[in-house]
Every structure is written in C-alpha cells, then in structure tokens.
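Before we start, here is the structure in question, set down as structure tokens.
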Amino acid sequence: MFAIAITLLVLEIRLPEHTAGGAELTVWTRLAALWPSYLAFLLSFFVILIMWINHHELMRLVRAVDYPFLFANGLLLLTVSFVPFPTAVLAGQLATPESATAVAFYCGTFVINSLAWGLLWLTIVRRGLLRSDVHPTTLLRIRNAYAAGPLVYSLATVVAFYRPFLGLAINASLWLLWIRLCYHSSRGALREQERRPA
Amino acid sequence: MFAIAITLLVLEIRLPEHTAGGAELTVWTRLAALWPSYLAFLLSFFVILIMWINHHELMRLVRAVDYPFLFANGLLLLTVSFVPFPTAVLAGQLATPESATAVAFYCGTFVINSLAWGLLWLTIVRRGLLRSDVHPTTLLRIRNAYAAGPLVYSLATVVAFYRPFLGLAINASLWLLWIRLCYHSSRGALREQERRPA
Amino acid sequence: MFAIAITLLVLEIRLPEHTAGGAELTVWTRLAALWPSYLAFLLSFFVILIMWINHHELMRLVRAVDYPFLFANGLLLLTVSFVPFPTAVLAGQLATPESATAVAFYCGTFVINSLAWGLLWLTIVRRGLLRSDVHPTTLLRIRNAYAAGPLVYSLATVVAFYRPFLGLAINASLWLLWIRLCYHSSRGALREQERRPA
Amino acid sequence: MFAIAITLLVLEIRLPEHTAGGAELTVWTRLAALWPSYLAFLLSFFVILIMWINHHELMRLVRAVDYPFLFANGLLLLTVSFVPFPTAVLAGQLATPESATAVAFYCGTFVINSLAWGLLWLTIVRRGLLRSDVHPTTLLRIRNAYAAGPLVYSLATVVAFYRPFLGLAINASLWLLWIRLCYHSSRGALREQERRPA
C-alpha cells in the first residue's frame, strides 16, 4: 500500500495549458512553472518512503496480530493513502498568495498521521504484541520519537501560517528524526538476505 | 487488489476551481467545501479495509481452490474494484439536492457486493473447499452474517431515497457486523508471526 | 500487474456533466447514460481476470526462466497493461454512430494480445522451459487454444466493422475457450492450500 | 513498485476531443493522432521493464541490507516512479514544433535515473553488501555498464535539442546495453523455479 501511494504521487504532476493570460508559453516555461509540483512530489515521496521503512521495521518487532492491531494499522494506512491529496493542494498553491493555507493543511495532515502512529504503537504495547526480546533502549527510543512527532508537526502547522517555507522546513526536518530512529541496537546490516546461490 | 482499490480512492478527491458563480474562494473555503469527499473517502476506506480483513480471514478457512472458486472470487473482486466509482458519485452529490439518488446508488452497489460474498461462501461450502477443522459455531456465525448483509444493504438503499443520511448510517452500521464477525473461536491473538530474530 | 490493470479500469468510469445540450439531467439519467462504461468495465474486467488465472496456471508449468522468457512475458504484460485504453475508447463510443470503429479497435488490441500469448508459449516450448511432467494432452490443448485465439479475435475485429455488438459477442465468447482451457488433467481441486492451522 | 509505475503509464493515453479547429474528427483520425502517445508508452514501458528485470537481478547479488542501501534504493525508485510524467510530456509534444524540448526533458530524466543506479551500486560495493561469490567479471561488466549509462543519456539529451528523434533513438539504444548486461556468467536458464508438482 505504501508502494501504491508513493507511485500515485506522480499522477498529480501535469503540464499546464500552453497559454496563460493570452500569452503563448514554451514547454520549458511550463516545465519550470511546475517547480511547486516537483518540490511537493519530492517531499511526499521521501516522507512516504521513510514511513514505509519505519513501518516495515516496526512490524519486525511485533510477535502477534489481533483485531485492534489490524484496525489501528488500517487507520495509519488511511492517513498514508490520503497524502497524495494534500500534496496536490500544496503543489497547486505553493506559488500563489495562499501558500500559507496549503502548507498548513499539508502539515496538519501529518499531525493526524503522527497520532495514528502513536495509536498503533500504543495498541502494540498495551495488547502485549511486542516480541519479548526487544531491547528496552529500543522501546524508549521509539516511544520518544512517536511522542515528538505530533508536537513537531503541530509546530510546523502553526508556523506555516506565518512563514510557509519555514513550516515546510520544520516538517521535512522530521525526516531526520525518523531516519535516525533505528529499531535495532546493532549498527551493522539490518538483516542478511536469505537467498539461494545466484 | 484490495490494497490498490483502497489507495485509488484518494484520486477522486480534487480541489475545486477557485471561483464559483463569479466569487473568489479562499483555499480554506474550497477545502471545507470538500467535506462530502472526505466523508465518502472515510466510508469507502473503512468498508474496503473491513472487507480486506474479512477476505483474508475467510481465505484462511479454505483448504483448496478450484475454478468455480476462482470465478466467484473474481466476481467479488469486481464489486470491490468498482467501489471508487459510487464513492465519487456520492462525493459529488452529497451536498446537492440529489443526494438521495447518490446515496441509494452507493448503497445499491453494496447489495451487489454482499450477494457476491454470499456466492463465494456458497461456492466454498458446496464444493467442499472448507478446512475440516473449522468449528460449526464459526460456520453458523459466518452464514448468518452473510445472509444479513444483502438484507441490511437493501434496507439502507430503500431508506436512502427518503432519508439519505439515515441510509448512509445504516450502511455504515454493517461495519460493526463485519468487525464483530470473528472467524475464530479464540479471543486471543489471531496468529503468531513467523519471523526470524530481529 | 494483472491486479493493478484490473483495478485501474474503474478510473475510466466518470459521471458526465449535469447538463447536455442545455437540458438539466438528473443523477439517475446520468448514471443510466453510462451503460457503455459499465459494459466495457465488465468485459475488460473478466478478460483480464481470465488472463490472470491463465497466466498463473501457465507459470506453474514452467520449470525455469531465462532472458528471452522474461522479454516475451514483458511483451504480454505490455498488451495487458494497455487494455484500459481501448476499454475507455469503447466506453466512450459504444452509444455513438462510431461504435463500429471503437469495437474494432477494442477487438484488434486482443489480436495483438493473443499473438503475445503465442510468442510466450513458443518461447517456453522452444527454449525447453517446460516441466518434464506436463502431460502431452495438456500441451496439445494449450497449443490449440493459443492458435485459435488470434483467429477468433481477428474474426471479431472484422465482424465489428459491420455488426459491432456481434463483434463484441464473438470477442467475449473467447472467455469460454479460456475458462475451459484446463491446464491440468485432473478435474478436482487445482491445488491444496499450504497453511498453518487457523 | 516497478509493476505499478509500468501499469500507470496507460492512464496518460487519452482520446482527444472529437472536434479540432471546428472540424469533426472520426474516431480513427483521433486514434491515429495519438501515435506520439503510443510511441511514448512503448518506450517507457520497455525502459521500466528492463530496469525492473535489472533491479531484480541486482538484488540477487546483494547479501545484506542496511539503511544507506534502503535510501539509495529509495532514490532510484523515486526516479522510476517519476517516469510517467516525462512520458506524458513527450506524448503531448512529440508532434508539435517543441518536440526537441520534450525529448531533451525525457532523456534528461534518465540522466538522473542512471546516476541513481550508480549511487545504488556504489552503496552496495562500498558498504560490503555484495555476496562474496559474485564473479569479478560480472562486477566489471556491471561497473562499466553503470558508468556508461549517464554518459550515453547525457549525449541523448544534448542531441535531442538538434535532432529529437535521433536523441530518442540513442536513448532507446541503451536498452540493448541493459538487456545484454547479464548478471550471471552462465548462459543457461537464470534460475530453476521452486515449485510443488503441478
């Protein structure tokens, strides 16, 4: 599902009409005028990619699955599958006087998304679905990261009303948090592939 | 396929033009005016999510697969992959005087969908594709649920003509039926994950 | 890939504008006017479903994979992933005076598709990629079916110019050929599921 | 993800309106006028197909996975999932006086794409993620191919400004490079299937 959402992002990039206000536009001009679409595509691509990797790693810490887990997970997937819409809004408004609204809406959807991550984490912990061999340090690190998410995204949303690009920058800074959030204590390879001889 | 249909839903949400009847609209106004799209997205996302989980659980009760099964299953997938269209109709008409028609159409497609579930179940039972260790209580519970589906969806369709939002509420109430339909007698974890050490 | 192509079909069904030639149209009228879209959706859904099952069964007869196989397979996937376009053309033109052209184009794409099936089959046989335990009767049955495909689809294409709906009917009649094309001599279950206890 | 990107390509092919400059157009004329779309679809389909196969083969040489690998891989997937957009630009402009710009843009995206392949390869080699039993000749062959990619794509981009179709031909000529790039020393079957008896 992450794979599908990430690939659908490109469908929102479309070359504008070749006239604007009566003037003929070259293809270069029209391609260049799409910079908000490229920026929004890049931002959302990497956010979904990082969430994809994080989700995959999180699932590796889970030892069992029950219905509450499935619905908390479904809620998270809902917020992920929604991302192409705020991305399209962002792309459409970033170069207009209303960019603040669009960035705030974009950041706001990640507030919801980070709350869904928190709910999934709570469900996993409360219902005893964690593997028993997960290191306490790992647990602490994940809990802190999942608690920081909603706060930083809320901050980005508020800032976006006054300084849209600063809001976007704060939003993107959370990538670092997630990238650095190692689900494993080891620093080496995440896992060995299991493969037959090539 | 459930994953794809569920992710395509967001493509039907699009920001309307920034003028309506000559008046300029802010981005907030346009985002707020999309509430029928958000509602339709939520409704269809959760319906497909619940069907996805149910389908997965149902497949776990099946011990073998034959051609009639594959085609009954294909018919069910057809009705699932069709869902984005009535969802788009619903989103487009919910705030108009013709919402009754759109809600009835939306509920009507789930009448067909629930009949396809029934056909798949009949095929599985009649052709002896069930695992032998499925508990009789489980069978009875599934049969009752699959029989109730078409009735409640038909009721929702009829009600929709007079009270569109009541029709939608009845439609959504079936979520509870499906969520509560446990395919397992145990109350514990659905299954243990089979994973290598993290 | 079959799963994706089959799910994308629904994106081509869109409710037409609520005015036509100055007259207001009700939602029912507009939903009813979409019958060519529903018909085209059904036709293409089942064609892709049947090809999906056939492809899956064919792959089970293959014991090894090499580059020519991968490219013959890729060519087949190309013709499958193209199907949503002739489907959209068919849906758009079936109720117009130019339906003959659209049906001929639709059937014509399946001529190409059936030639791609033939090429894949030839590649598998010529390069010795078949399992050794495939029964000669099965081989003969597949060869005949794959030879009949291009002929019947060509017939459908020619007929479509004079009698569009007859052309469509011939096209759809091939479903029976493919459904009946059992890749196994046994009449029983295709295969037992391999599953852990529920 | 390759599967999704390759299947989304067809969504960019759309039948143009049935009038142009006041003249009525037949469906045949409109279908024929789409030749740039068909050409762009074919080009991009085969490029993604070949990248898909290459990626699959490359992954078979990898013995372990770490975070830098996941992000280099993500960057590559980004450039692949972007392909439908330059394809749509190419399709829209190939029959216009501005085809040079569109072809240059199309080829330019593959310069980026081939650099992402190079980065992924570097990451795999530098971080010791390669299987130990990969033959030195294979390594040399891959390194040369991955080094040639950006050069030939850059050449295609420059040529495109003067001779668009020659640029496209150079671009497509790289298919041969990639098709010929065997990741295995053996000339026989890539691998035996592991299957239960049919």
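Each chain carries a letter (A, B, C and D) given by its place in the written order, and its residues are counted from 1.
Just so it is clear, contacts are C-beta pairs under 8 Å (C-beta built on N, C-alpha and C of every residue); 3 or more make two chains touch, one makes a residue touch a chain.
What you see is a predicted model, and the numbers here were worked out from it, not measured in a lab.
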Chains touching both chain A and chain D: none
For chain C placed onto chain D, the superposition rotation in degrees, Cα atoms, nearest 5: 90
Copies chain C and chain B - interface residue numbers shared by over half, same or different: different
Between chain B and chain A, distance of the C-alpha-averaged centres to the nearest whole Å: 26
Cα-centroid distance, chain B relative to chain D, in whole angstrom: 37
Contacts with 2+ other chains: residues of chain B: 4, 8, 11, 191
Contact pairs between chains, per stated definition: A-B, A-D, B-C, C-D
In the complex, chain B residues that touch chain A: 3-4, 6-11, 13-15, 26-28, 31, 41-42, 45-46, 49, 53, 179, 182, 188-193, 195-198
Contact footprint of chain B on chain A as seen in their complex: 1, 4-5, 8, 11, 60-67, 70-71, 74, 77-78, 81-85, 88-89, 92-93, 98, 101-102, 105, 129, 131, 133-134, 183-184, 191
